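As written, the chains take the letters A, B, C, D, E and F, and residue 1 is the first residue of each chain.
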Amino acid sequence: MKKLLVISAHSADFVWRAGGVLAKSVEEGAETLVVCLSYGERGESGELWKEDPNRSEESVKIIRKAQAEKAADFLGTPIEFLDWGDYPMLISDERIAQLVKIIGNFEPSVILTHTAKDPFNPDHPLAFQATERARLLSCGAGVASAFKNINPPAWYSFEPHQPEICEFKPDTFIDVSSVFEKKKEAMNCMGAQKYLVDYYTELGSRRGNHARRISGQKQVQYAEAFQSMVPRITDSIF
Amino acid sequence: MKKLLVISAHSADFVWRAGGVLAKSVEEGAETLVVCLSYGERGESGELWKEDPNRSEESVKIIRKAQAEKAADFLGTPIEFLDWGDYPMLISDERIAQLVKIIGNFEPSVILTHTAKDPFNPDHPLAFQATERARLLSCGAGVASAFKNINPPAWYSFEPHQPEICEFKPDTFIDVSSVFEKKKEAMNCMGAQKYLVDYYTELGSRRGNHARRISGQKQVQYAEAFQSMVPRITDSIF
Amino acid sequence: MKKLLVISAHSADFVWRAGGVLAKSVEEGAETLVVCLSYGERGESGELWKEDPNRSEESVKIIRKAQAEKAADFLGTPIEFLDWGDYPMLISDERIAQLVKIIGNFEPSVILTHTAKDPFNPDHPLAFQATERARLLSCGAGVASAFKNINPPAWYSFEPHQPEICEFKPDTFIDVSSVFEKKKEAMNCMGAQKYLVDYYTELGSRRGNHARRISGQKQVQYAEAFQSMVPRITDSIF
Amino acid sequence: MKKLLVISAHSADFVWRAGGVLAKSVEEGAETLVVCLSYGERGESGELWKEDPNRSEESVKIIRKAQAEKAADFLGTPIEFLDWGDYPMLISDERIAQLVKIIGNFEPSVILTHTAKDPFNPDHPLAFQATERARLLSCGAGVASAFKNINPPAWYSFEPHQPEICEFKPDTFIDVSSVFEKKKEAMNCMGAQKYLVDYYTELGSRRGNHARRISGQKQVQYAEAFQSMVPRITDSIF
Amino acid sequence: MKKLLVISAHSADFVWRAGGVLAKSVEEGAETLVVCLSYGERGESGELWKEDPNRSEESVKIIRKAQAEKAADFLGTPIEFLDWGDYPMLISDERIAQLVKIIGNFEPSVILTHTAKDPFNPDHPLAFQATERARLLSCGAGVASAFKNINPPAWYSFEPHQPEICEFKPDTFIDVSSVFEKKKEAMNCMGAQKYLVDYYTELGSRRGNHARRISGQKQVQYAEAFQSMVPRITDSIF
Amino acid sequence: MKKLLVISAHSADFVWRAGGVLAKSVEEGAETLVVCLSYGERGESGELWKEDPNRSEESVKIIRKAQAEKAADFLGTPIEFLDWGDYPMLISDERIAQLVKIIGNFEPSVILTHTAKDPFNPDHPLAFQATERARLLSCGAGVASAFKNINPPAWYSFEPHQPEICEFKPDTFIDVSSVFEKKKEAMNCMGAQKYLVDYYTELGSRRGNHARRISGQKQVQYAEAFQSMVPRITDSIF
């Protein structure tokens, strides 16, 4: 059963960093879900604050939610928002329990989220920590227990803005050539400056170049890069 | 095209460390090849030297070759021997060129060999270095060149005797349950003390336990563990 | 003065991971103490929940406590339980203070606990963090202070279930051959499936094999592996 | 605009670990500020507790404050005290907000603080974490936002007591020869045993030796060592 | 005295990876020198072999030399070629001695070369090793010796094609905005496919984006990234 | 059987870096041997070349040999010289075989040598590599073999000049207080500038301070620091 859960600190992260693999998974018949821990209303909504510095935070949230939902539609995925705030995002035992419940209900086979380290963002590592803890609490110890537990999902970090400084070392490149137009459409929903769309289009193309160089697979035009957090279990070396 | 090349420092390493994945690959229709850089005649033939300390090195080679060929037969794989010597194994530019030629001719899609580091064995890291260099010289820079070049094969280290001390961190577990009896038969060809067969049977079982715990895939009884040296290029996150 | 403190996240961990060194230390006249932060009642009591999924958590705690006490008896060590809960274990300033008090009273010369990282268990790294912090608060800065402070104990991690994935790199192997029968008896108290006793018996035997290979000390039949967290101070290189 | 902020866990750390670079920065016309998160009254005031174990913590704070202010005067820098306590220092969301405000008001171009890891001190890593988080919350994401944000300051760790064990790897040596006498005067204010002044004088001399050996710059007599936490942006390779 | 030495495995590497900093250094009055260990005639001359697979290696060398000299002219730097061959490049004691002599004569204050690790290229790590050894043999131990020795130059790795996989972690970004047009002209000399010029133009722009995000220095349009191999000695923290 | 072998790249290294532990081992009745791979005649004999730049290399060797023998006498240890040259030291298969023979004859229980990495010295890492390889070739694979093999000795790196930059992380501190006067006498034989004796005396004192802080063992006045390369096998955790 293919079920992909993407946990995004702010309401735009999933589009830039995992939009391709979301659309690709939908294309191959998987069930997907995006969970945005926050709207990124305070720190990640540059264009909206530039337009009107006096805007209320609530109004920014509404706009960000609408943009993210539209982007999710283009990618073909359901989306949920937890409204945990940003700059600062605060994590509590109750919020971890909330995430445990979502994971337990969805029973993902794969989870994607941020990197453990990000010296450019205070919220991304918190999203990582919340995911790490909630995933473990959902799975239990692999034995019968006092609570429902699910099969341990595979778990990857998606690509941060400055990969080397975040100690991101990609070990998995997904060919997203066939869905890259959808990713572009989704990115264009985000109300960000055009340069960001260019930036991530170019990143997709560069990761495609890397994937071709690594493997000789000439058909890869666009790729997204991921780093696995747990080993892969498979029945073939190929 | 599935083509698996296993590069083994001594004539027994491929059996203990990759016998399962060799048999599994044969089972799924892949073409396989084992290359033994040496017979391990001086340092790795304990039982033979114990039986008769006055035996000649040549006679040890002959016995080791026969054992390895018999094991390869049980696994269903062709095998070649380069006779580079052991304790010490010596690497030269000519020997690298010899290995380049073998890789160029076989055009593997996957290569398995030792770890880069092994504080218990002087030859294993040399096998790693020779493989690393020969693989790169076979592939070229991904552009047209003065010599034939092949698609870059995937490349993994197989499990060393003391994994943590060798800085082996497995990221890929292959379910070899369906072929483990074949691996046992192959191990029994090696003329080693019974405890070594028990040791690696138990290792397979333990890695199976780990694989189940990591993934919840309850069908895995025996597994072999590998560490990838280059990223994986694929078109699905599942 | 030889005083060994073992801090165990759940009530069974100390048996599997440090039972040998506990019995060995008792044998050499050391004072020992085991502190279980939780009974592991919710997530680590597979057999009990399998027998009766409707059992109360309190009844599980009572059984787990009795099993652990019996195992501690076989090993010859006192044991205490803090009942901090599991899945999730929650740490607070008060709980740290409780642990500081225990360490300050016992004045251990060696502390053993879990690894800093464990991608398979949410409570083990918490036990590590609590131990790290409580140990430092007990010792102070090596100068006179507003509170009683003790000599800094040596400090080791014991072996986790999947050592490489937990970044466990053993640097100290203790020969526990002379007490391994006691460890087996202790393990047999835990009410777990037989395969776990087999698993850890085999681990002891494998670590014994590793210890022999590392040192040539042929008398080591069973060993336990540890990783030191602080340097060792000694007056001989031998 | 040259503005240096030094965040010190206890009221003496800034003198031993960054006294030279503070004086040097003042000498080159920079604006500087020292923030002491605590007085180190409980755990870091050895001489005062030795003199009189019955002294009150409040009286220790008063003495420590006076000593630190006198040292700061010698170095030529303003100083502030947050009184967060020590052994244990406790961090809260409010305290982080307090630090964010200080950073936002001062707008440093460089921040110095402790290392991320210190197996000899429970408060130093907390100072690191508080600084890391407050710095990020002050800077925002580099776009317009709901709050004032400042340019991201450069950020370094200063040298801990046992550098290798704290995983401190210096990448920047500052020549403080011209101000080392001032650092000595500042150190002599701290009321510590004479050996500590000797220790840090010798450390300055040793780091000067290292700096000369690294670069051939023979004029360096005394240096302080730092490790950068973010890359350096410059317009010359020299 | 500003003197920059760039050691390039093949005759094009210096253009893609350090063209900006070369032109920038010339602009600020530094003396520069490029040393190409090989022409990259066999493995790195894709377009030439594509045009005519029957071309001689000698003719490829002549064309590559002319292209590199023209690019060096645009950047304003002298260039030398050692003709050590590629695929495979072979290093010998004599070749090290040749490089020692070049370094001793030029007396660089900064050396740039490849990374220590490159799983995509067999020659780049050799260039690193040769540079590492020749640099140390040129500098001696910082004391009087049997041979002329020079001040130890600063030493950086420039950016490889797949930075994360090569374990490249940039710690120094040089703003090359003012000379980027010159770099483009130099890149256009290399006879490579247009996409490579686009690739490295985009890389310069992306590294400029990173530099702005790290520092808030909005004027940086294009940057090149480097990783220092030895600490920096300076007399100011700013 | 306590047998200590110290492998020193140049004829002075063993005094500065392991003089204390040599004298301490002699004091506890161990058999010791120092092997100097080179006299350090070209690059490490600063004072001699300063006195007379026209001196012959042979005359420098003679003086260096006499100094080292005198120092060894003070420490109470035999010493041998292999005369492999320095700046550059060159390693060959024959030289490795020479070292294998020495190790095989002496049958050390502990080997001390340089660190694997030293960005300030071209010969130290070669000494490490030669030792690593020769030690493994001496020990074999722990089974009967075509050659005599010895029990694997414990193996440590001693402290380099700039420990952090050489990635030296000490895990073992030896209390050498009782023999430090002998080490001083030995250091005074080396004909080096007085500051070097001061430097290493101070290092001994500083490492003593560290050892006291780590363990609370107040009697340690002077210590030497080492990093173990293989795990320690013991029968007690204390």
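The rule is simple: contacts are C-beta pairs under 8 Å (C-beta built on N, C-alpha and C of every residue); 3 or more make two chains touch, one makes a residue touch a chain.
If you want to know which protein each chain is, UniProt gives these names: A, B, C, D, E, F = GlcNAc-PI de-N-acetylase.
Everything numeric here is computed off the predicted structure, so don't read it as measured data.
Because chain B (GlcNAc-PI de-N-acetylase) and chain F (GlcNAc-PI de-N-acetylase) carry the same sequence, their contact can be compared by residue number, and under half of the numbers here are used by both. Taking each chain's centre as the mean of its C-alpha atoms, chain D (GlcNAc-PI de-N-acetylase) lies 37 Å from chain F (GlcNAc-PI de-N-acetylase). Touching two or more other chains at once are residues 120, 142, 152, 165, 170, 213-214, 230-231 of chain D (GlcNAc-PI de-N-acetylase). Across the whole structure, chains are in contact as follows: A-B, A-C, A-D, A-E, B-C, B-E, B-F, C-D, C-F, D-E, D-F, E-F. Those residues of chain E (GlcNAc-PI de-N-acetylase) that touch chain D (GlcNAc-PI de-N-acetylase) in the shared complex are 2, 4, 21, 24-25, 28, 30, 109-110, 112, 139, 142, 150-152, 154, 156, 170-175, 211-217, 220, 223, 225-226, 228, 230-238. Of all residues in chain F (GlcNAc-PI de-N-acetylase), only 120, 161-165, 167-170, 199, 202, 206, 209-210, 213-214 touch chain D (GlcNAc-PI de-N-acetylase) in the complex they form.
Across the interface of their complex, chain C (GlcNAc-PI de-N-acetylase) is touched by residues 93, 96, 132-133, 136-137, 140-147, 149, 152, 229-231 of chain A (GlcNAc-PI de-N-acetylase).
Taken together, the chain B (GlcNAc-PI de-N-acetylase) residues at the contact with chain F (GlcNAc-PI de-N-acetylase) in this complex read 41-47, 49-50, 53, 57, 60, 87-88, 90, 119-122, 165.
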